[in-house]
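As written, the chains take the letters A, B, C, D and E, and residue 1 is the first residue of each chain.
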Amino acid sequence: MNVPTNYVVALSAVLFTIGVVGVLIRRNAILAFMSVELMLNAANLAFIAYARALQDMSGQVFVFFVIAVAAAEVAVGLALIVAIFKTKHSIDVDELSSLKG
Amino acid sequence: MTTDLAVFLFLAAIAILAAISMLFARNSVYSALFLVLNLATVAVLYLLLNAAFIAMVQVTVYTGAIMVLFLFVIMLLGSQQAGTGPDLPWQMPVAITLGLALMATLVYALLGRPSLALASQAVLQGFGSPQAVGELLFSRYLLPFEATSVLLLAAMVGAIALTRDEPEGKPR
Amino acid sequence: MLLREVVQGWGLFAYAPLIVGLPILGLLINMVLGRRLGERFTAIVASGAVGLSFVVACLQLAALLGHPEGARVPVADWITVGGLDVAWAIKVDTLSATMMLMVTGVSTLIHIYAYGYMHEDVRLNGDPGRFTRFFVYFNLFVAAMMILVSGDSFLTLFVGWEGVGLCSYLLIGFWFEKGKDGIGNALAAKKAFIVNRIGDLGFLLAMFLTFWTFKSLQFDRVFESAQALGAAAGGTITVITLFLLVGAAGKSAQIPLYVWLPDAMAGPTPVSALIHAATMVTAGIYMIVRTHVLFQLAPISSNIVVIIGAATAFFAATIAVAQFDIKKVLAYSTISQLGFMIAAVGMGAYVAGMFHLVAHAFFKALLFLGSGSVIQGIEHGHHAVAGHGEASGHFDPQDMRNMGGLRGRMRVTFWVYLIGALALAGIPPLAGFFSKDEILASSASTNIVVYVVLAAAALMTAFYMGRQVLMVFFGSPRSEAAAHAHENPPIMTVPLMVLAGLSILGGALNLPGVDTLGRWLEHVLESAHAVPFNPLVAALSTAIALLAIGLAWLLYGRKPLLENQPDPLARDLGPAFVGMQHKWWVDELYDFLVVRRYVWLAGFLANTIDWSFWHNWFHDRVIAQSFRAGTRWMAESFDLPVIDGASARLAEWTRSTAEGLRRLQTGRVRNYGIYILAGLVVMMGYFLLRSLS
Amino acid sequence: MNSWFSILNMVAFFPLVGILVILLLPRERISLIRWTALITSLITFGLSLVMLAQFDRSNPDLQMVVRAPWIQVGTWTIEYHIGIDGLSILLVLLTTLLTPISILSTWTAIEERVKEFMAFFLLLEVGMVGVFLAQDLFLFYVFWEFTLVPMYFLIGIWGGPRRMYAAIKFFLYTMAGSILMLLAIVWLALQMGTFSVPDLIARGGIPLNIQTWLFLAFAAAFAIKVPMWPLHSWLPDAHVEAPTAGSVILAGVLLKMGTYGFLRFNIPLFPEATVRFAPWIAGLAVIGILYGAAVSYAQRDVKKLVAYSSVSHLGFVMLGLFALNPQGIQGGLLQMINHGLSTGALFLAVGMIYERRHTREFDAFGGLWKVMPVYAALTLIITLSSMGLPGLNGFVGEFTILLGAFGSQAIGSPWFAGLAAIGVILAAVYLLYMFQRMFMGPLDKEENKRLKDLGWREVVTLAPLLILIFWIGLYPAPFFNLISPSVGKLVAAVQTAALAAH
Amino acid sequence: MTSSDFSAVLPLVIVASSACLLLIVDLYVPHGRKGITGLLAAAGLAAAMAVTLVQSRQPQQAFGGMVLADGFAAFLQCVFLIAGIVGIALAYDYLRRMGIERGEYYALMMFVIVGMMLMAMAGDLIVVFLGLETLSIPLYVLAGFARPRPDSEESAMKYFILGAFASSFEVYGIALVFGAAHTTGFQGIVQAVQLGRVDHVLLLIGAALILVSLGFKVAAVPFHMWTPDVYQGAPSPVTAFMSVAVKAAGFAALLRVFLVAFPGLAAEWMPAAMALSALTMIWGNIAAIAQSNIKRLLAYSSIAHAGYILMALPAAAVGRVAPEAVSGALFYLLAYAVTNLGAWGVVVALESAEGKGLLLDDYAGLGARRPGLALAMAVFMFSLTGVPPTIGFIGKFYLFRAVLDAGLVWLAILGVVTSLISAYYYLRVVVVMYMKLGDPVVRSEGWLNLTVGLMALGTFVFGLLPGPLLALAGRAGFWVFGP
């Protein structure tokens, strides 16, 4: 594909931002996680684009690591959600506000 | 406008739309499915950017495993429609404004970079192949690779610790 | 150094330190043993110590006859700092020896008298335990007075100066639970000390100036370099002497600082006699004479001294005329006489001043002791009438309106009192005639205005003394107490008789033409010039005195006052009498101008400025509370109503802002995320702007 | 003399031995604990007398120096560097004297948590002595701040009803000043490469504009401690709430740390700035003298009155120090001791009546002289000493201070001393007022009629102070002899620097 | 992988493998005896510590520059390991008391330490990222370890969401840096900057993103908001460990990345770091005053201290001062670790099973009830305030020295002024303990007492004689800049 790298990176930036906004505006914890995944995914896109442009495989290896990390995060995160659901019967992050002040 | 660019713009549009849809979908299941769409689109982009192996990983791990897990949890908890009360005041507008500011900054800065043209360079033999990735992983990136294994182990243990039921855990 | 060597080196001067040491020894003995060994012991120790001091003073006199230039007897180093070098040293010269003799002599007599007086007084006042304390203070006073007169430097003089002030304070406040409202005596004591301190401030400043001008505080050195510098330091010397005058005005009760002395009569009568008539109050005169070298170099100051002295002499006399308290009359008389002396030394008539000082000490001590005798006689009478105990309300044993006709009941007292009064009035050949005449003669030869003022004062002096004697001793008793009064025991009357003798013979000290005192003091007051005897002035003075006494007889003697009859003078003088009676409202004026201002200022500073504003408002409210308010801004979890004591507005403001910013630590994850994002956007924007510019 | 068993180390750290013993004692053995503390402090006092005996009074320099590297920070060597000279010896003696006296005063006053009290008290002594001995800025700062801690506890645990407020305020205010000093110390060391005070003085050569800032930073710490007007707001609170022994030490020693700081650090380290600031400091001192006196007069609580009187008295000290001539500085130094003695004694006296009546309001007293003659007489002497009656110690100090300030070139005008001298009158006004309200007048309160006069322990507590009050008042030569060589050296140095600056 | 590579990461290997071993052993340890696992974990950490101390070697690179094993890393590793051991000691009885005694606790804690060690020795951004994640993920779990206590779960969830959010920033930042400098190795970045081959703007944006993420970890304002909530909700021993070790790890990465990789950008990030530091000091200290819960108070205190340490970053931007500033930060971290761990120990001692005993008022009367414990707490509070002679004072002193040396006088003044403010709330703790009456419920548990005692002793003794530690920190500071 013959597209300027900047375009690809800009796309990644847009996706990243959508992810950021997603974390901030969705109250559903699962949605927040998914938004985080979107952010990571955006970063991966940037890695791949740079890897291609620089002819450096390192970028792709990073993506490999990031995906692994994402998997780990999801495992723990979902476990956490399940655990909280068990006690609170809700996954609304706004309801997690007994600690404040 | 070259074909490549047209393809790219098309895919980009799908990815962005999918992402936005994920954001605003009422039902979490739909959100998850939009995210799957987004991830798949990006995987196509990976493929086009000479990252075949990573594209495969993306499809199998992300779309295949992770998102299924998500869907599974959503179904399990029956929490498709979480959050019915009034939203936090100001949260939405402020978040979107700041998000737009961030996007503007990033996009402005990134587009203004000296272009790293993709076409002019011939891709090296085996660039992005599983073999190349594997070689790097086990030479230069041996330590991070090992670290990842520890990380995954830790995550596993953690997930178990968080969900395991313990009948005997009685406070003293 | 062994004592013998000392004696060999200094001759009899070597004993000079004893003059201070003996009274101190006496007071130490009394402090330790006095209460255990009884009144007699105490009185003997105290009087003995002072008596021995008198003996030592006589030894100094003897030594001076051989070595009239005197001596300086160092005892110990005191303050040696930088260029300042002050030692405890005794200066014996003819001037200080005169004072020593006079003070110790009169003191001895008064000590003896006080034994008798205080014996009764402590019983009348209901606390016999204080007998010893009185003599401790008395001895302390003599010691301090000796330090004052024998000091060889400004600073050691100042020690005595403040020391006598302290004793004065202690003795005025001796019956600290008595007086008006139970606190009057304490207030009088405090007033005396503080007014004296104002004078002391002048003295202090004079010392500072002296030191930095002449690099020393020792009299001899200061005078030497002052004479060397002469007119070159004229301005400074004028300032120094003016400050010294402030000091003298404080101690010798001159305008404007005389107000403490009448109040000081709250002390037991021997105190009034010793401290507030004979000795302490003359310290100012002594000091001016001591520093006459400076005053001579500062004519302006000398003139002011004269003005102050003459004005005081006249002013105080006017007040004395209209008083009814037997001691108050004497107190104002003292102030007036001190004015005479001050005027004299201001005119350069140092010898005359000193002469009057000594003579006045005799007859004024006599008068005070006599008045004490009268008062105690009246009190006895009062007790005899009213039975025992203090319960009997408003009776004032010092009010002359309650007396009258004591001549027959207290014969000795009457006679000695009469002698003292005539001496004070200036009837020849008593001591007062010669000494006062010398002052009048000097003034006549220097400034006729001063002469007139002083002569007027002398006229009033004779008048009020006549008035007093007539009111107290003649006529018939105006109260039951007076009717039952009786004479006091010899322990009190014998000293009176001795003093009466001295009042009669005191004039011999410096008879015109013989000038014993003048020659004696010549060794110190080189420049003192004796004014020749002026027969005209003498005759005039005598005439004035007789006239005044006659006037008094016309008013009070011809038709003695009856009980509750108003003073005939009030009718004759009208409003002026009211003014005199109320001391021209000076106390009230001071109270209004100074005391109340200061009380208000102190209260304002303390309560408003320091506490309300600075402590409570600025520190506790502005600093601490704005702090707490800011805190609540950032982390809203604290109970807002807790803001204790905050003004309503501040609280409201805090509340509303805190309410508005409640969202900061809301506990909502998504809010927290906003902060992260905002931080990022700001930082990134900043970076971008920096890198682009 | 670089031995760890040097006498200075012994003086400074012997109380630690006592603390150790106290900590090992069971807390119920109150009397044993008290005796241990008392004996420890007495031995410390004895050791300080040994130190005095070894002191060479003709030598203006530091003596008995112990100097050893302590901490290496980067290129700096922070040293354990202590020594004594004429500027500090009297203050050390004052500290070691007041400590046993204060401990004795707590015999019946402190009944709760005696163990902690005594431990903190001895700890405080270590800190105070350390402050006066330290010759390394860092070490000094450590001791300086360290004294806050035990004092904070003494006020906070054993104080009056508002003790927490007072304790925190005391801590915060003092710390507020000293942190600026810390920065200045670090800055100084960065520029000069050493913390050693003698070395810094010897090296000199700090430019005037920098001296100005450093002077102010140091002054911030010391002026709050003194406290100079208008930084005195913490003082009445701390004094009123502190237990008697705490007040005695606070007034007697801790405040002196401020004035000592000016003398030891500000003046020799920043001589040009000192000369430049002298009139300003003198001005503040004079305001403090008059203001403190006026405010004292309006107080109705005896302890508060005495507390405010410290503002006035320390104004004299500051005025003397910044006269920058031998009279002023020696007077100031002596006045520090005098104030420690007389105000310390006043606080003791107030504590004695407080213990009997549990109030300090004037209105509760009156006519006490009648029932407590010994108490009244002793208090009178102390009061007179405090108001500077000649023949007692206060006069010697005040007179020399005023004399020095009057002719001081650094202050530049006799007006300062002239106005300050009015403070002498005002002192008489408020002190005599206090005496009158407490001891004179009729004895009309029922509670007062049965008061017991002082017991032997209380008289013994006051006796050493009274002896010194008379001694210094009548024969101060030994004291002046101790301090004059060092002061002479200091004055010479400052004057050289001042000349060089002009 | 060569043997030198291996030796460079030996401590890390020890910790990781003992963690794995622990997982296995734990299966055979019966319930109620899980303490054994704790002891084994502590032994593993101690072994790693011993190795670290013995190694104490010349700076070296391993794994092709992925790892920089130097004094800096070794120093911080010691801090982590100490924190870990203390975390175990505090948890030993606490877990049983709270009914959450599970063997995974220790294993997870060791995984966290592995992550931290990776961060401290990272020579490449990817290692930083992986270290960060290895640190964070088990830590999320640990925060929620007291489940089903709602507070604990809430704390874990908050931490998780925000943590993941923040690390995504880092990933994106690394991507941009990779694009800008063509590498993620520190040395590569430096060389690229020197050779001018680098896209400055891109690099800056990447740096900003990384700064946000690391700022989150060290709890710098405005990325700190999670701290009080998470600290409050997490089990106290975890909080103790977290407040010390995570902060240290965050600073390790922050200092490494910004001083080793991005010195070329100092002109830009220095003002930002200054602002962050200033804000953090102000906010942390002021907000702490209003707290009535001791855990929240210590959380804000922890934020405030992050502000102080952050001062080292702008100071280090002045090249001459850099080693000094880094040493200052390192020493401060150690000082903070010792002090804060002790303070949390006291918190643990007072926390009762129901999660009660955490209010400041619950400390009333501690001075009378448990003088030793109260004294220790007082020492910690004074140390946190920075009163000599405590280690906290030396830490501040050393740090301010660097800051002043760098000419940042106003920052130093702000630092001292805010530490004055901090005195207010630290003293309040002391006030409550000693000057208020109360009857607190206090545990007396062997390990706990020992730990608190040791920390108090350390706080005091190293405050008097900080020489050796200062020397260590000094050398570590110099070594960060490589041979």
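Operating definition for what follows: a contact is a pair of C-beta atoms (placed from the backbone, for glycine too) under 8 Å apart; a residue touches a chain by one contact, two chains touch by 3 or more.
Because the structure is predicted, anything quoted here is derived from the model rather than measured.
Participant: Going by the touch criterion at the top, tell me which pair is linked by more C-beta contacts: A-B or B-E.
Facilitator: A-B
Participant: Please work out the Cα centroid separation of chain A and chain D, and write it as a whole number of Å.
Facilitator: Between these chains, centre-to-centre, one finds 65 Å.
Participant: Determine the centre-to-centre distance between chain D and chain E, using the mean Cα coordinates as centres, and give it in whole Å.
Facilitator: Computed from C-alpha means, the inter-chain centre distance equals 43 Å.
Participant: So what's the Cα centroid distance for chain B and chain C, whole Å?
Facilitator: Centre separation, chain B to chain C: 100 Å.
Participant: Using mean CA coordinates as chain centres, what's the chain B-chain D distance in Å?
Facilitator: So the centre of chain B lies 70 Å away from the centre of chain D.
Participant: Of all residues in chain D, which are in touch with two or more distinct other chains?
Facilitator: Nothing qualifies.
Participant: Give me the residue numbers in chain C that touch at least two other chains, ranges are fine.
Facilitator: In chain C, the residues touching two or more other chains are 635, 637, 665-671, 673-674, 677-678, 680, 684, 688.
Participant: Quick check: what residues of chain E touch more than one other chain, meaning two or more?
Facilitator: 126, 130, 133, 137, 140-141, 144, 147, 156-158, 161, 165, 169, 179, 201, 205, 228-229, 290-291, 424, in rising order.
Participant: Could you list each pair of chains that touch, in label order?
Facilitator: Pairs flagged as touching, ordered by label: A-B, A-C, A-E, B-C, B-E, C-D, C-E, D-E.
Participant: For chain B, which residues count as touching chain C in their complex?
Facilitator: Checking each residue of chain B against chain C gives 88-91, 94-95, 98-99, 101-102, 105-106, 108-109.
Participant: Can you list the residues on chain A that touch chain B in the complex?
Facilitator: That would be residues 1-11, 13-22, 24-31, 33-35, 37-38, 41, 44-45, 48-55, 57-58, 60-61, 63-65, 67-76, 78-83, 85, 90-92, 94 of chain A.
Participant: Quick check on the complex: what are the chain B residues that touch chain E?
Facilitator: 105-106, 109-110, 112-114, 116, 140-144, 147-148, 150-151, 153-155, 157-162, 166, 168-172
Participant: Could you pull out which chain D residues touch chain E in their complex?
Facilitator: 70-74, 113, 116, 138, 141-143, 145-146, 148-149, 152-153, 156-157, 163-164, 167-168, 171-172, 175-176, 179-180, 182-183, 186-187, 189-190
Participant: Within the complex, which stretch of chain D touches chain C?
Facilitator: It comes out as residues 169, 230, 233, 236-237, 291, 294-299, 308, 325-327, 330-331, 367, 369-370, 384, 389-391, 395-396, 399-400, 402-404, 406-407, 414, 417-418, 421-422, 424-425, 428-429, 432-433, 436, 439-444, 474-477, 480, 484.
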